[in-house]
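Report on the structure given below.
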Amino acid sequence: MNGILLVMTVVLPIILAVPVALIRWKQDTHWMIYTEGVVLLTSALSYYALANSDGQAHVLFRFANDLEIAFRIDGLASVFAALVSFLWPLATLYAFEYMSHLKHREIFFMFYVMTFGVTLGIAFSGNILTMYCFYEMLTMVTLPLIMHPLSKEAIRASRTYLLYSLGGAAFAFIGMIFILYYGTTSAFVPGGVMNTPAVMSRQNLLLIVYVLTFFGFSVKAAMWPFGGWLPKAGVAPTPVTALLHAVAVVKAGAFALMRITYYSFGADFLRGTWAQTVLLVFVIITIVYGCSRALKETHLKRRLAYSTMSNLSYILFGVVLMTPLGLTGALCHMVFHAFMKICSFFCVGAVMHQTNKNYVHEINGLGHAMPVTFTIFTISGLALMGVPGLPGFISKWNLAKAAVASEHPLALAGVFALLVSALLTAIYMMSISFRAFCPGRDFDLTAVAGYRDPGWRMLVPLGIFVVVMFVFGLHSAPLVEWLATVAEW
Amino acid sequence: MIPMTAMAPFHLLTLGEGLEISFATDGISLLFMGITTVIWILVGIYAVAYMKHEERPGQFFAAYALLYVILLGLDLSANLITMYLCYELMTLVSMLLVVHNHSREAIMATLKYLFYSLCGAYLGLFGIFYLNHYCVDLNFGSTGRLDLSALAGHEQTLLIVVFLMLIGFGTKAGMFPLHGWLPSAHPVAPSPASAVLSAIIVKSGVLATIRTVYNIIGADFLRGTWVQTAWMSLTLLTVFMGSMLAYREPVIKKRFAYSTVSQVSYILFGLSLLQEQAFTGALLHVWFHAMIKCGLFLCAGVFVVICGCKRVDELHGIGRKMPVFLACYTCFALALIGIPPTSGFVSKWQLALGALDADVGFFSWFGPVVLLVSALLTAGYLLPIAMRGFFPGEVSCSEQVGLLEKKEPPLLMLIPIVILAIAAVMSGIFPTGLINVCRNLAAYFL
Amino acid sequence: MSVGNLSANYQEAIAMIMFAIGFSNLLLQKNLIKKIIGFNIMDSSVYLFLALKGYIAGHHAAIVTDGVQSVDAYINPIPSGLVLTGIVVSVSVTALMLSLTIRLYSRYHTLDLDRITTEVKKGGF
Amino acid sequence: MTHDFVQNFPLFCIILTLFSGPCCMILRGRWARYVNLGVISAVGVMSLFVLLDVCARGGSYVYMMGHFPAPWGNEIRVGPLEAFMALFFCIIMLLSMIGGAPQRLRKIEASKENLYYVMVNLLLSSLLALIYTNDLFTAYVFVEINTISACGMIMICQNGHTLEAATRYMIMSLLGSGLLLLGICFLYGLTGHLLMSNIKEAVAQLVAAGTYHAPLMVAVGLMCVGLAIKSALFPFHSWLPDAYGYSTVSSAAILSSLVSKGYIFLLIKIFYRVIGFDIICNSKIINIFFVFGIAGMMFGSISAARETNIRRMIAFSSVAQIGYIYMGFGLGTGMGVLASIYHILSHAATKSLLFVSAAGLSESSADSRELADLTGAGYRNASAGMAFTVGALSMVGFPLFSGFISKILFAQAAVNQSGKMLPTLIALALSTILNVIYFMRAVIVIYTPLRSIPAERREGYRRIRMSTYPQITVVFGCFVLLNLVLGLMSQPIVELCARGLGMFG
């Protein structure tokens, strides 16, 4: 039963999404209701599956004896799946209003829903082959979403995206093969599956492969220098940028990295090796690089994209600490950053949708016209800065705790980088709020009089996100404890 | 009498594990709460009258009240986390006060203020992250909470971290090198705001430093290390530099701001000596400087909104028009310089004595010398206003002043100033009670 | 390989040399006709080689004229068969090549392959 | 059907195709076409029966032609792998012939059409012979027939490009076959046999005795180089792009996916049945294959990425794929060869699909083959667009499609080889990236909306519905299905190939 349920959760949205584009619907509301229904159904299914998962692997089919597509729910899977399943319905709701005056909406939503299924597939994948397959599929399914505007730059962006992601996957492939060969099993086992006697003889080779694999997967996690696609992909409609390029896709990359690091290669095997040092360096560079680019960027969405880049590297920082605490911190930030960033993206999206303004210097005084939106934006900005009482601080705290505890020479540098990026975050987020709320004495508010806050379909998700943020920020203990149990091995 | 040790803390809520938000009262917190409350009431009265001249008084008072609550939270916080929480919130809310009139330079100054404060706060946070691992817990205790067994081998790192924390919290206290926000934030803020800024907000930096050094790390750990030396030299440098800049600064509020920079570093110097009497002096100076500088800024407010003067040389002959007011100003000036028997003298005397019998070698005599020099400079940049105010000399009063009719400022503005002036002088004449309190506190820490 | 056995089977050596000549002609000549000639030289050298493999000194060709004699009266006939087959193949290939050459010549009025190539490129598709 | 009857089928196939060729010469175009299709499908059915039979009997058998037993007579050798290859080749050929039909009919003048089918039949017969024969010299003869018919297929629609391409093709393959022939003669001289099995025994004795090592290696080297030239291994590929790029679709599809594969299959037979694989592995030849294979993968992809003509781009990608196959040999393990064989299959299935769909795309864009002009072709000709996308993904090695499996097989084969592991894996990764660069560029171009190119360049653009050429749509369906089958149910096929390979030795 459970097996079928799992498979259904992944396959159902992919199948049920097709009618959205194929059927000729009489009215828009019909297919909107249908889409939302499918998404809600999938979320319900996945939560049900999480609620009573038996922890068994369920094989869908086999490529070969040792190559099988199998689904399994464990702690990590449930974190990611729960997160995604919570966000998707809200994002879809938001998307309805955002896309309201764009073309080819049915096609867009078809792929949007399909992506849900594929993402869940990544979450539930029980072995590395499955994960790899869904990872590749994710690329192809999200491609049309980026291409959707069909403008020149959208095409260019999608080409870049494709090149980066598939190229990264090509290197991830190497790691997969190695795990298939050197691992005792291809399934994910906390603590790693390395076949120790076979490994010991050729440790360095394995480390090289690990680093290559890490780079491969880190393309989706937008690690420097492989993150170039992320800002470019900002041309996509905001629901895509917000949900996919702040949560689903990029977090899938981080998720994959957690899998290979902690569940395949094994953190104990990697801790203290040169590989860890190398990766730490890259991650720290990314943390600072992303923020400073965000500071220079004047296009709102691209600015947020760069900030995503650096925030993802917070997660990777936790990952490469190679300790349970580190993984806890990483998971923590994975969850919290999802809410903070999707919230800020939605605010920006609301601005773009209501006013067609895309650049920082255009939003002067809008705070008086769209108070709700910009208040929420400010809150999410404060959260990203890591003001205590909001989730950003919690994840920073856990990451820093892990870093200091790991006593790795570079870890302190990492903590410092976190704070530097927090400072830069403050500047590039707060400067937006300032422009919006304090345009200066000589600014006449009639210029923005025409603009309003968006409709309920946009505001409801935003409100929910804010509430969630405060709840997590003020009382994160249960969640963090759960994550800690997940992260143990 | 004031309880020394912290009572059983009141636990509000838990952000995450290891992140308790809890409050408790101990001597230090009561001391700071006291001064905060006094200042807040007086400035509140003053502001009622003052804000008639500004727009959006509602917003101002909202932020003002909120800030008071947060400051109380800061004073009462029972562990570093709570303190940091209030510290950040304080920054954000006081930002609202600074930005209050939305002029371009106000916004710029606010961003600068935000940037500096966050720099400081994050340096502090860095330290907190680090200490969290090497401390038993982050609750405030008498002799430090370091977990020496865990610390073994990381002392040097810890020292670096502590130094960073000192600089970080020193930012709010306007200590070199991160003092740059004061002179730009004060002039743009409404005068009540700048009054509380330099009377209380900067003191929160001092409070944070005390908490870190004396409650968490413990004075003994730092005594004689390079950190102490570096700290002392930074403070002395700030003392001198601050008064020097103030001396060369024509704009009134900027001049007072620079003077704040130097005066607060008196306090930090006292703390950096890690010596009982110096500590007493520092605590005293917290009180006295709060009252005096608050008063000065209130005066500045009068200068600005009543006389419409921004620069010093526009004030000639002001004493002819509003003698009582200028008399109060003179009291403040004398107190800040430290002319006996005013309050400033008492605290500086304690500081000097503490410096002299602290065994910090070179600094034990160099410190007092610098204090003296800066006192002279203080005289140099405060007194001329009073003198030219009363005795404009053959050049008759400046044109702005000339336009004024002979009239004191409105009562609501005058009364707080007078009260503060009297307090500033009297507390110098009868300092015993306060000194005892501070002595006990010092004895409790050292 | 010492000079001794080189001289011992000089015929094979000659065959190889011819092969080399033909091969290099087929490869390097620009002129199509010369290429074809080179090809023929190459093949014939191989046939020579084969024939040598089959030939046994002092035996007759495996053609029965005056009654079947004992096996060691004849040379090995299989290579001869192979040679015949090979000749057929090479003839047909040569024919094909020649016809190609004629077509190209009638189009581009040259036998120089490189020039033809440039012509083609110029002509576009 | 009884084995006694079925066992004749291979011979029937060869004979049938061989003689149906000349028949087509006297038939009118249409009839010739039907005959050709009929023959191909008949051969396919027969090969299927042979396959079933062989699998049922669980072994290979040797079929004596004429009345002379080995070592004098000529033989056919049939095993699961041979039968399966024959079947597969027939399927691909059938699909490419149907898929290429419309364009062929437009390009070739009616009087010549039947000649084309002559060529195709001869080609098929030579391929079958190459697959089945157990006699080296027969192999040589059919290699030549193969060359001639392929040349004819290239030049069938006569224009400068095809003529020149055909000439170059001829020259290169003549060089190749010359070397092959010389190698065979050497081997004959050394062993005195032409039948593979006998040669192998003799060679085994030679190696055991340790005599004639140099000549043996020379012979092997000559044959390998010869076949490498004929199968367009880098750097002998100069003839390939033009030959595939300008000939008519079905020729390109068949040439790229079958002809070169026939030679490669012969090479495998030489490895296993003539020389003995371990001897090959001990020689340095495989390392040369390895190096040139990887070089081919890189170079082919890079030049494909620089191409703007879509047909030539696909052709260059064939160079890269051939490189994969030789790299597989170069690994020098049974796994490696197995991977290569699987790649032969998947590449055949994919490449012909790509050629046919590319033709469909360019037909919808005023017969232009320039990538820039194909903008939006995916919308004009939906089925071709889909098909091309699938092919491209399979080439990139996207899961679910055949390319992925062969990639995995290569990688797994490499992991066993400690020395060549990292180079292989990294080469795989890089060439995947390169594939992404040019194939995905093409895919994105064909799905870019038309508005980006000016209106005056759009004349001749037309919309091609699935109903316009139903048979082609069906062909696309079959190709995609084939890809999916190879991608999802690879296990039985791999096992079959492995068994067949095992019986080679």
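Here the chain labels run A, B, C and D in written order, and each chain numbers its own residues starting at 1.
Assume a contact is a pair of C-beta atoms (placed from the backbone, for glycine too) under 8 Å apart; a residue touches a chain by one contact, two chains touch by 3 or more.
What you see is a predicted model; the values in this text were computed from it and never measured.
Relative to chain A, the chain whose mean Cα position lies farthest away is C. Central chain by Cα centroid: A, whose mean Cα position is closest to the mean of all protein Cα atoms. If each chain is reduced to the centroid of its CA atoms, chain C and chain D end up 28 Å from each other. With centres set at the average Cα position, the gap from chain A to chain B is 45 Å. Centre-to-centre separation between chain A and chain C, using Cα means, comes to 68 Å.
Counting partner chains per residue, chain A has no residue touching two or more of them. Taken as a contact graph, with one node per protein chain and an edge wherever two chains touch, the assembly forms an open path, each chain linked only to its neighbours along a line. Here the touching chains pair up as A-B, A-D, C-D.
Interface of chain A with chain B (complex): residues 382, 385, 387-389, 393-394, 397-398, 400-401, 403-405, 412, 415-416, 419-420, 422-423, 426-427, 430-431, 434, 438-441, 473-477, 480-481.
Residues 19, 22-23, 26-27, 32, 35, 39, 42-43, 46, 49-50, 53, 78-79, 82, 85-86, 89, 92-93, 96-97, 100-101, 103-104, 107-108, 113, 116-117, 119-120, 123, 125 of chain C are the ones that touch chain D when the two sit in their complex. On the chain D side of its complex with chain A, the touching residues are 393, 396-400, 405, 407-408, 411-412, 414-415, 418, 421-422, 425-426, 428-430, 432-433, 436-437, 440-441, 444, 447-449, 452, 488, 490-491, 494. Only residues 13-19, 81, 84-85, 88-89, 92, 99, 101-104, 107, 110-111, 114-115, 118-119, 122-123, 125-126, 129-130, 132-133, 157 of chain B touch chain A when the two sit together in their complex.
Contact residues of chain D toward chain C in the complex are 72, 137, 140-141, 144, 147-148, 151-152, 155, 158-161, 163-164, 166-168, 170-171, 174-175, 178-179, 181-182, 185, 188-189, 194, 246, 369.
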